[in-house]
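Note that the chains are named A, B, C and D in the order they appear, and that numbering of residues resets to 1 at the start of each chain.
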Amino acid sequence: MSTNIRPIPNSHNCSQGLLERLDAGEIVIGDGGFVFALEKRGFVKAGPWTPEAAVEHPEAVRQLHREFLRAGANVMQTFTFYASDDKLENRGNYVAAKISGQKVNEAACDIAREVANEGDALVAGGVSQTPSYLSCKSESDVKSIFRKQLDVFVKKNVDFLIAEYFEHVEEAVWAVEVLKEAGKPVAATLCIGPEGDMNGVPPGQCAVRLAKAGASVVGVNCHFDPMTCVATVKLMKEGLTAANVKAHLMTQPLAYHTPDCGKQGFIDLPEFPFALEPRIVTRWDIHKYARAAYNLGVRYIGGCCGFEPYHTRAIAEELAPERGFLPQGSEKHGSWGGGLDMHTKPWVRARARRDFWENLHPASGRPYCPSMSKPDAWGVSKGDTELMQQKEATTEEQLKVLFGKSFKSK
Amino acid sequence: MSTNIRPIPNSHNCSQGLLERLDAGEIVIGDGGFVFALEKRGFVKAGPWTPEAAVEHPEAVRQLHREFLRAGANVMQTFTFYASDDKLENRGNYVAAKISGQKVNEAACDIAREVANEGDALVAGGVSQTPSYLSCKSESDVKSIFRKQLDVFVKKNVDFLIAEYFEHVEEAVWAVEVLKEAGKPVAATLCIGPEGDMNGVPPGQCAVRLAKAGASVVGVNCHFDPMTCVATVKLMKEGLTAANVKAHLMTQPLAYHTPDCGKQGFIDLPEFPFALEPRIVTRWDIHKYARAAYNLGVRYIGGCCGFEPYHTRAIAEELAPERGFLPQGSEKHGSWGGGLDMHTKPWVRARARRDFWENLHPASGRPYCPSMSKPDAWGVSKGDTELMQQKEATTEEQLKVLFGKSFKSK
Amino acid sequence: MSTNIRPIPNSHNCSQGLLERLDAGEIVIGDGGFVFALEKRGFVKAGPWTPEAAVEHPEAVRQLHREFLRAGANVMQTFTFYASDDKLENRGNYVAAKISGQKVNEAACDIAREVANEGDALVAGGVSQTPSYLSCKSESDVKSIFRKQLDVFVKKNVDFLIAEYFEHVEEAVWAVEVLKEAGKPVAATLCIGPEGDMNGVPPGQCAVRLAKAGASVVGVNCHFDPMTCVATVKLMKEGLTAANVKAHLMTQPLAYHTPDCGKQGFIDLPEFPFALEPRIVTRWDIHKYARAAYNLGVRYIGGCCGFEPYHTRAIAEELAPERGFLPQGSEKHGSWGGGLDMHTKPWVRARARRDFWENLHPASGRPYCPSMSKPDAWGVSKGDTELMQQKEATTEEQLKVLFGKSFKSK
Amino acid sequence: MSTNIRPIPNSHNCSQGLLERLDAGEIVIGDGGFVFALEKRGFVKAGPWTPEAAVEHPEAVRQLHREFLRAGANVMQTFTFYASDDKLENRGNYVAAKISGQKVNEAACDIAREVANEGDALVAGGVSQTPSYLSCKSESDVKSIFRKQLDVFVKKNVDFLIAEYFEHVEEAVWAVEVLKEAGKPVAATLCIGPEGDMNGVPPGQCAVRLAKAGASVVGVNCHFDPMTCVATVKLMKEGLTAANVKAHLMTQPLAYHTPDCGKQGFIDLPEFPFALEPRIVTRWDIHKYARAAYNLGVRYIGGCCGFEPYHTRAIAEELAPERGFLPQGSEKHGSWGGGLDMHTKPWVRARARRDFWENLHPASGRPYCPSMSKPDAWGVSKGDTELMQQKEATTEEQLKVLFGKSFKSK
């Protein structure tokens, strides 16, 4: 397949914007999730998941951007996930006070632009769901939170905007409405599965509401595995068609297998976030995902939590025939295991073929572990006391109550 | 446990050498494997597994060194794995001709030293098994291969030397004998399990031979999972005691579960190297490993393929009570899941406790996959035609023969 | 729980009929499936699955009846599954010619009555789906097939009638219409899951059609595991309520776990019928099933393929508080593992408690096997040539075609 | 394979004794375990596991004998497992007082002989390990226990004797010495694995001691899965050869997969005895076992706990080419799935072939369960207070102590 396709410089069409590319039927490859990748590298704290590394360790953030660029990503998403002021001061977080949200957002924009300019990549400024919404703040309060981040994105002149990782379509619509004020293209993704958002709004209806609010690209990100995300976006596509509303489609799934998730996705799994390893998808799983997304008509195809650069490269390699070129990173990868023809051991060289990897069911090496988990299902939703956020650190007393609930819920 | 232990600067005792530290009973934390980590990031090719990235992408290699340093590693091992001249030209590899082994080794030394100087770390120059040995070259031929790398290490003045990843104790002894010529401390690790080396020499006997050849530290690295490596080093310890030979002990295991491996370790598993994801160990597995290794008396405790910086940090966190301090990377990690007390969702905050993570059996999310695999066992060993290495690229015809063997062997 | 409940004679109310019992809110426990149990014992051939053992090995059939009676069953179902004339001559079956359908049905009635009279049990004459329907024969042809069996049931004066194991509600309605001619109570069960019958008729609608055709008891049997059957009958109950149609509810599920089945149930699983062992449910699974069925309002609670007498006893033990007595078979069983207090080994005595068994996730002892399978899904349905039945034995040529299809379908 | 091999009457050589058959190189097929099979049918209580059903439910015992005979068994082992007087009164057992050991043993002999005479079968009187030995009674006390059973066997004129299910070779030797007094052939099997008996006596040494004590046939039964038993008997064979001692070999394994067992076998598994279902072997597993045992030179090939008649039939079918005939039970079984050519569904007919079943890895249908368990390992052995047996029922207080230990041991 790829024998005639060679890695080429990342600069063939960098003057084009997101919508020009998508309108032309071009594939846009998104980058992968930053918080999980940087947590493994030691720069993000699991729990708050905030992106102060943009200020504290810019070289680490820059390096990850470069790796995704090299892997074939056409978008450098600013590392501004959870960089809203209310999240940066939530439950004892020091970032709002010691650094400030503005500085984090600015630093993230600068790094993304620097790396984007090294190749054919666009810069996307991103906002995500807020503690304020979860704590039942008003629409204008929540919108003003988004607007603070948008001010930075406008000042730094990002190429387009993404509202992502929303569990409630209502909050996502508010975000889109704010982002539209800048006059740049807006993409919007919910972290939902086929069951719909936390209030039970089905995916098709969510997509229509987002598009009507002004999103040119709609889809899903995070919370579910690749094939589940494709299934959800299929429902979105059907909803858009039925309502005769036009929008481009986008998927940025987890790189974790989640067949056992409920409505709220992988955060309900007991393995979240520190024992997800056995669920990590292989590059071959990504080949299947990229092909399925493409066949459905999705043209903005990226990843989220769990994605490492080699996963992103697998999207680019699967779609190389359609795109006509391989990413730079493929210099260090033989498609479908081809590089193994240089291995010293003959039985490993014998794995240098597509049918071997395509048909392998990889073992876990964990005979004492099950293959599926029962997700937590506490049944709390927006408005419940336990979901109210607070500036103060969680107290031992508060934890004790939760630990007790957890034991009982077994 | 760790409430009174705080991250401290990495500079408390950088003037001490390896043996001073070990003789004083101090714990020395090794870094993790570079080839697998950099393969995921796009800078190393699986198959040849050679370290030309030291020249081609020094920033990527430097960043990984920094991450391991930040995670608590006391050793920066030069990225010179498989950097022998014969490997760099094996089966069509371009590095020997286009770059040269000397330049790769020099660049790797410079990067390691640069980062080591940023903290409390020693630089170790490393050599590993050679295609020449596998192809039945003479002792003096093989030794001259090692000597070329050693020349660079001496010129760059590394702090100590490591002979690692040897399947045959005979070749490892040759390597130790060469490395000893430099007058620096030598550590030696085999990639063997409890069954011993490829010729069936038991671990205890291997350890004695390595120590007698001049290695001050002996142990195992790669090929097997953490607890199997501890079990193998236990056999080495017993062998040393029985022979009344003194040596420090060292473990640098895989970060993959391998209960189903035979004598040759994980390269025989069908999942090697592109579908090992479900086998990746969690940070909690590493806690158990670090404790078991420490309890056995191992004081040089590190990792190999599959290790990410968060795995290395877990060694440092588990042994923080003994060492009296946490690594810098723990700024972004609450021990035993503590950081989850800042999560927005109450059922995730309920996981902010040791007993939750310590007792969890993580699911694979892969109900169509088994928990163990039958390893390849082709029964070829040194001397077999199929193990002879060649400078020319593997031909399609050669591959076809191997593919046929592989199908039949099912 | 069971300390005050003692096994009592099986004769407390044997004068009451099925509907009197159900109308009074009494629990009626069905027996288990005969074809699978007798296949294991050597008297039924897997493939044809016909009940000639009633003639050929009456002592084996009688013994199994007695075991289910002793286990607590209130119904002795005649061993007349697949005893229609067209099935007994299908694909080379010798029974029609060498024995005759009439003799098989008569012998089965005699044995069932003999054992029923030894305790508190009713005799139910049963018919099941026919090759004729699958081969597109006319309604009157199919009905005449059922009528032949009914003639025997009337002559032998069974207590009530069961139309069971129908994949198409249309054929089941025909069966009910015929059975109603005898003026005895009729129960009807489909072998369907939540997706409905083979033509996609949903469970709720199926239930209404069966009840309107004259069935006093409706439900499901076979093809799916216990909890799936409860879920399907829940849909039936909702359909009946919505249509304001009254009927008693009945479940006779498999004793195999089938989370991976499609619409056609366990016959599509590659493990069917010779490798289902790892799926066999424990007695504790049956406790959960019996409780769930009871809580839903099901009062005719039995089993089908895979059920052994100890599974049926588990229904009776779980519902002993409601019924006020234990079955005779509980003489040899301490509820919830209680009998283990007599074991010689202390760690086994330590398992003599409900919470141990209730919370155990039993291991398969099969680390090379997956936990789920991909079912066959050939997409053939009534009318397809491959589903046409024939009197002649399947030829080697016909098999060869099927084997080829099977390989391709992988 | 079996097309020319037809079921024949069971009477071809019933005049020959055990040793004549074995000396002639003939295969002798043992029957399966009775206590587990009859527990499922409702006639044996798990915990005490005593065989009073021989008196209480003779028709159930007789039926099971007939099924094993029909399946191809050449031996009817008297249902006298655990029928020693001290076991029949252990921990509150009523059998010694209400029935008497003598009556149980006599009834078992009568039933076995009745069925054996219906075919080509020998009657074997069996004794097994005693509570007296475990409670540290003297050699003469223990021997007098065995002698009481032997008196019945002599009176009833069984064809040969079996000492089986011994965990300590010392007690087994005592049993053999007693049984030899009758002048009949003696077979002896330990319930041990490759690690040897409870005192660590290796299998090879155990075999030599049993043969020297007078056993003409030695081997293993129960406690481990088929292939483990073959591996253990291989060690026995090597021990006999090394010591130049002659004996025939015998295997009667579990029908449960036990890859995770320690020295004491399946009773240490948490699934013992009420959740072993997912471990039950398929008939195809038995084919492999029978072939492996035969290839090792074992000629007395049978089964133990978990064996159902279809498992025994699978031994007979695998070895039909060597024996020249199929068992009667194969009238209702097409070898290697052949009977499926009569199935109504084409995709099931497509499974009527050996390669399908031989290569299938059957799924458990249990995605929430692991594939292996950690066995209990309390570390108590003969002499420990907790292993002392008592006539009185286990008290609640005694259980409470054990429950506490069990929880702590997690």
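Keep this in mind: a contact is a pair of C-beta atoms (placed from the backbone, for glycine too) under 8 Å apart; a residue touches a chain by one contact, two chains touch by 3 or more.
These numbers were taken from a predicted model, which means no experiment stands behind them.
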| item | value |
| --- | --- |
| Pair joined by the larger number of C-beta contacts - A-C, B-C | B-C |
| Per Cα centroids, the chain farthest from chain B | C |
| Centre-of-Cα separation between chain C and chain B, whole angstrom | 58 |
| Approximate Å spacing (C-alpha centroids) for the pair chain A, chain C | 48 |
| Distance from chain D to chain C - Cα centre to Cα centre, in angstrom | 32 |
| Multi-chain contact residues (two or more partners), chain A | 260, 361, 367-373 |
| In the complex, chain D residues that touch chain A | 260, 367-374 |
| Sites on chain C touched by chain A in the complex | 361, 367, 370-372 |
| Interface residues, chain A side, partner chain B - complex | 39-48, 59-60, 63, 66-67, 70-71, 90-93, 131, 134, 225, 256-260, 267-284, 308-310, 313, 329, 331-334, 337-353, 356-357, 360-373, 376, 378, 380, 386-387, 389, 393-394, 398-399, 402-403, 405-406, 409 |
